[in-house]
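Each structure below is given as structure tokens.
One chain, chain A, links the two complexes that follow: it is found with chain B in the first and with chain C in the second.
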Partner chain A sequence: MKRFLLLTVLSVFAISLAACSKTDDAKSIAIVTSAAGQNDNGYNESAVDGAKKIKDEFGVDYHVVDTTDVPGALEQLAESGYELIFSLEYNFDALVNGVGGAKSIAEKYPDTTFVVFNDNPNLNEDGTVKHENVISVVFDVHESSYLAGALSVSVLENASTLFDASTYSFADLDVDGRSIGFIGGVQSNGITVFSYGFVEGINRAAADLNVNYDYYTDYSAGFGDPVSGSTISNTMYQNGVNVVYSVAGVVGDGVASKANELDRLAIQVDANKDADQPGSILTSVLKNTEVPVYQITKAFIDEKIGDLDNALSYDLDSGATGMTDLAEIEKMVTASGMTKWNEIKTYIETLATEIADGTVTVTDAQSGETLDTTTLTNVTVK
Partner chain B sequence: MKKTISNILNVFMPILLAFLIGAIIMIAIGENPIEVYGILIEKSLLDQKGLLKTIHTASPLILTALAIAISFKANIFNMGVEGQMLLGGFFAGVIGFTFEGLNPVIHITLSIIVGVTVGILFALIPAILKAKFKVNELVVTLMLNYAALEFVRFLAEGPFRDHSSGYVSTPMISESSMFKRLFESEITLFTIIVLIVFVIMYFVFKKTKLGYEIEAIGKNRDFSEATGMNVGKKIIIIFIISGALSGLAGAGHMMSDQMRFTMSFSGNPGLGWDGMLISLLGMHSPLGIIVAAVFYSALITGSESIAVFTSVPREIILIIQSLIILFLSIKMISKNAKAVAILEKITNKILRKDNKGVKK
Partner chain C sequence: MDLIANILYDTIYHSTPVILLVIGGVYAYKANVLNIAMEGMLLFGAFSSALMILSTGSLFYGLLFALIVNIFIGLIFSYFGITRKGNVIIVGIAINLLTSALAAFILKVKGMAIINLSEQVDIASLKVNIPLIKDIPFFGDVLSGHPITTYLTFVLIFVLSVVMFRTKFGTYVRVVGENEEAAKSIGIKVNLIKYSAVIVGSLTAALAGYNLAIERLALYTNTMSAGRGFIAIAAIYCGRGKPKLSSIYAIIFGLAKALAINFKLFAGPISGLFEAIPYLVMVIVLLMASYLDNKNSWKRGYPNE
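== the complex of A and B ==
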């Protein structure tokens, strides 16, 4: 009796509230963020920035959804009439394949275009496209990491020319050995793609300068704990590592602050974070989601979205990936070091051209390639 | 009648209070609270698809909550439901993707058996330590969760990794081990299995000798021992049931919802911890658990809809969720005379300490 009464009251309460509700039927574009959320100062936030730019220029509204249930959100958004949905999380099964005997979301809502990132799940075994209304966006971060690796070696080898002796306290290259570190969130292709490009870049510059480097890696830092970034990088720095590159979300913030504390260098990822610890961050490897969001939405507004490829790859030239303009680290370079600094910048540009024209090919773990360690003539992977 | 009214008040006051505070926050940030709450309730309970989704979300939670309840009722603290669930889910998944083209009935049954067995085996470690060596089960089970998590992480990154995936993930389980979706919604046969298990557990709790013994151990372990009960053996049985329920929850979550193991398999805070909360809210009674589980799942599915249909930040929704839970648990404490006594003792102690400090 008690429970029935309770239920009745509950439902009356619920219905009366529901009666007041109305749903929002404005048609616009939607962005479903990844677990880090829309204020992550990087990957998700850049995508939202792209949508903001579109809104300012064309007046098309956008809606951002932070969710833990990506398939559910995609379905509800498509159901309520959104025609272009960006999904930043790594979660494709329900969208492309359908699970539990259900139709895939892409098939259920053919009038909606879904854009996914960092992988191309939209392929059949024979390489044909599964759904015309799914676009996958991949960033060539292995190429930008390659440049970051070459830059690290060039800067370390010329540190005494570039910087005032008191600016950094690098481990002596000839005494402690030459070494560079990498910290990844997890052991997966999405992370090793950065590491492989980076180590190949190190190898290239080391070979050009005729020196040998050690390469330390840790792929288990997770993505959420800056403290673990400090701890792991501290171990690396104490063992003579001078530059640590972290691809592990906010773990990188801990690495950068440790670099600042010990007067060494860190490399950040996703957004331009160079100014977070000025002078301690050599550069940030960019994965700028703003560019694809802007371009694809523009095509959508011009009704040319059908002309786009189903697999879009953003390389160094697109501006969606690359290194920062190095403005922060340049402030640390002394007047007498400027000539060398410009030399290094030219060297990096040469490498970028070589990548663009195909003289240099960088291992792309994202598309399933594995690193052939025998090609690393001047690097020992520890 | 008086008691009924106080009961209703007890349930509704915290919800209304939480909604009220939430409404104030929403007005402050310029949102319409009536619209937001409307969506929360409409999309999770009143809309057919939403209601089925809520029940689907509740299914594994009912199991983890029962797993908690059976041990807490006996005053044995199995804090390891999360770990047992993770392992059960992971290995059910391994069976799911290893075999292909089996008869679905055989494949699903096999996956479930493996999930349940793994859950039981993992629960047996603290059970034997507790029953034979009187090792504190709270500490052991709590710490084993981390061991389980790191172990499945290792397996997912190493031997069972899906090489075509860019993130840490096992391959997707094959079609034949998936619970098929029913009525164009997210609900599957797994929910029916949960309901059957629920009925069995209800019977165990209320009508069997074991249920009575669990209650007796919970009330006074030494007395139960003195009356000739083999408490050690009962503890092992309790852990086996708890582990089996957890393993089943994990296996079901894998085969009806996740379809592959990723590091966010269990969500945040995790099915095991959510289950603990639900069990506490439901006062460790089966019927209470089912009501609490549906209510809690409605909050989850409803708040996902708020994110889709309004621009209220997710954090605000989480605040309202936690407020409801907080207020509900206050009610739970006020009903529990022992807890009140403990709270009083603690406050007295703190006060006395303060007084001493002043005197000095």
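== the complex of A and C ==
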């Protein structure tokens, strides 16, 4: 009996080990998701969509890993022969530098290409590339945030034309002052990049409409507690803020819930969350990981991955970042407000073209730029 | 609403779940069972009620389900920690870890990242606007407009305090905690009392979870307990297990949190510092409480009892 048990246990082990490793030499890719998991309706899910598209077109298999141990997963995947691995979590140390005196994962598996997102950790102090087999992908979210900022102002200034008076209970712009808020998880370039773009967008639209806005910020909301998101935004809304943009993980869901409760507006990030609180989320600023996953994998299939730059940045034009199609908020617009609404949409498109052709440059904190507040002629940063 | 009213409203908001954890948790404390699983119990309450409301749409079923699930969790904790005499710290940690892992697993199976109840629950309609009081300037803003569980919480402080000090059950709990052997010798079913004490705590934790996830936010995320269970333990220790005193410490925490949030808005870049206030206050209070408690025994060498 004991021997039988032992055999069973051993065979289970053998099977599970076999399941981990790749069975043949056909090309296949792996995706390690971030903490939100592959069902997040956005950031992770769209990466998986990119891989699906590749599978349909080229028959290349993909493997998705949801894990809390990113370095462990990367190492295991590389060990079992995956040659292209996308790592969506903000966790690079073990991959690029190696932790605890160990060799970095990138150095251990030189034949595997690793793709990381949202930062470029792959640089030496003198600016040279550390590992040729690491590609870092950065989204130009400051540009899409700029559009979100301009949209916020345009919608607020025209709220009475666009919406039925009972739909929202905005703080009166002329009585309580014009203000917009931003809630970030932590004070870092990865977060301020959203805020700087956003405030510049607000400034642009405010200047075009000849009004002045106050800008409230909080860069320390964390990423985990939606309850504090709800109360922080409550404080903002009570102080006359009408739109709060949050870049803080599930804290943002608390903000959106509060916006729904108070009939104000929130802006979400990463995934298309517009339908989470229908009508209360103005838009979501997207990171459409499908685009880089598709492009990089395609280069990998064509064996041209070596030609790619080690630092790729995806701008508005590439479709990898942008706002949602605004379908949810459009449902709230009344028939008589439709003309104005289309005007606003055209205005936003104009801004997007101006960014694309370089007429407008938006501060990019991701690459180390800082916001010059003197350029904010129509916004007071509180 | 002006700033001070806002701060006080938020104080009640943030205190409520902690008070609920405290007034239930003091029973386990008095019965000499260290229940560090309150964090997990809070999350279980939030998760199970959110899950039930998602599938049935009924708030009542959600609350009922949360209470049932938490009785079950209390039983698991008690079985391993009391009957099997396992180390309660380890059992508590196990339950805390189990909660978020189990919830994450179920969410994954259901293909969701968080549970969003905005279609099932209308938070604005859950707020109780008390007639008359809501019209008083200032006080109306602070006291009116909370969900029903919040008002229930403040009633429960007194109810559970009376149960603790004025009923047979409460006396038994305290006797068991103070001297288990003596309790046994007069025929008190020690384990039964300990089980009940833990379950009182898990039931109020279910209410706390319901208050946070359903009444306040209409959404569940895997990290939403955010250390409140541990804050509650600190409050219980500061208040030496007295329901009213411990609740006051819970309110101090809520006040610190509310101050932090409201001042942050005007503080600009250093606002991060304010995030530390609630935890800092807790450490200082714990230090002061234990200093004042033991002052006599240090200075003069008599036991404090």
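We adopt the following convention: the second predicted complex is superposed on the first by the 351 of 382 C-alpha atoms of A that agree within 3 Å, B and C clash if a C-alpha of one lies under 4 Å from a C-alpha of the other, contacts with A are read in each partner's own complex, and residues count from 1 in each chain.
One rule holds in what follows: a contact is a pair of C-beta atoms (placed from the backbone, for glycine too) under 8 Å apart; a residue touches a chain by one contact, two chains touch by 3 or more.
Not measured: the values here are computed from a predicted model.
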First, second, both or neither for A:187, with chain B first and chain C second: both
Partner chain(s) touched by A:101 [first = chain B, second = chain C, both, neither]: first
Which of chain B and chain C A:37 touches, first, second, both or neither: both
Contacts of A:368 with chain B and chain C, given as first, second, both or neither: first
Chain B versus chain C as contact partner of A:234, first or second or both or neither: second
Which of chain B and chain C A:80 touches, first, second, both or neither: first
Partner chain in contact with A:65 - chain B first, chain C second, else both or neither: first
Touching partner for A:214 - first (chain B), second (chain C), both, neither: neither
Where chain A meets both chain C and chain B, residue numbers: 37, 66, 187, 219-220
Chain B-facing residues of chain A, complex: 1-3, 5-6, 9, 13-15, 17-24, 35, 37, 63-69, 72-73, 76-77, 80, 90, 93, 97, 99-102, 118-119, 186-190, 193, 219-220, 366, 368
Chain A-facing residues of chain B, complex: 4, 7-8, 11-12, 34-35, 37-39, 41-42, 45-46, 53, 157-158, 161, 163-169, 172, 175, 178-181, 184, 186, 188, 256, 259-260, 263-264, 267-268, 287, 291, 301, 304-305, 307-311, 313-314
Footprint of chain A on chain C - complex, ascending: 1, 6, 10, 13-14, 104, 107-108, 111-114, 116, 118, 123-124, 212, 216-219, 221-224, 226, 257-258, 261-262, 264-266, 268-269, 271-272, 274-275
Partner chain C, residues of chain A touching it in the complex: 36-37, 39-41, 66, 187, 216-220, 222-228, 230-232, 234-236, 238-239, 250, 253-254, 257, 260-262, 276-278, 381-382
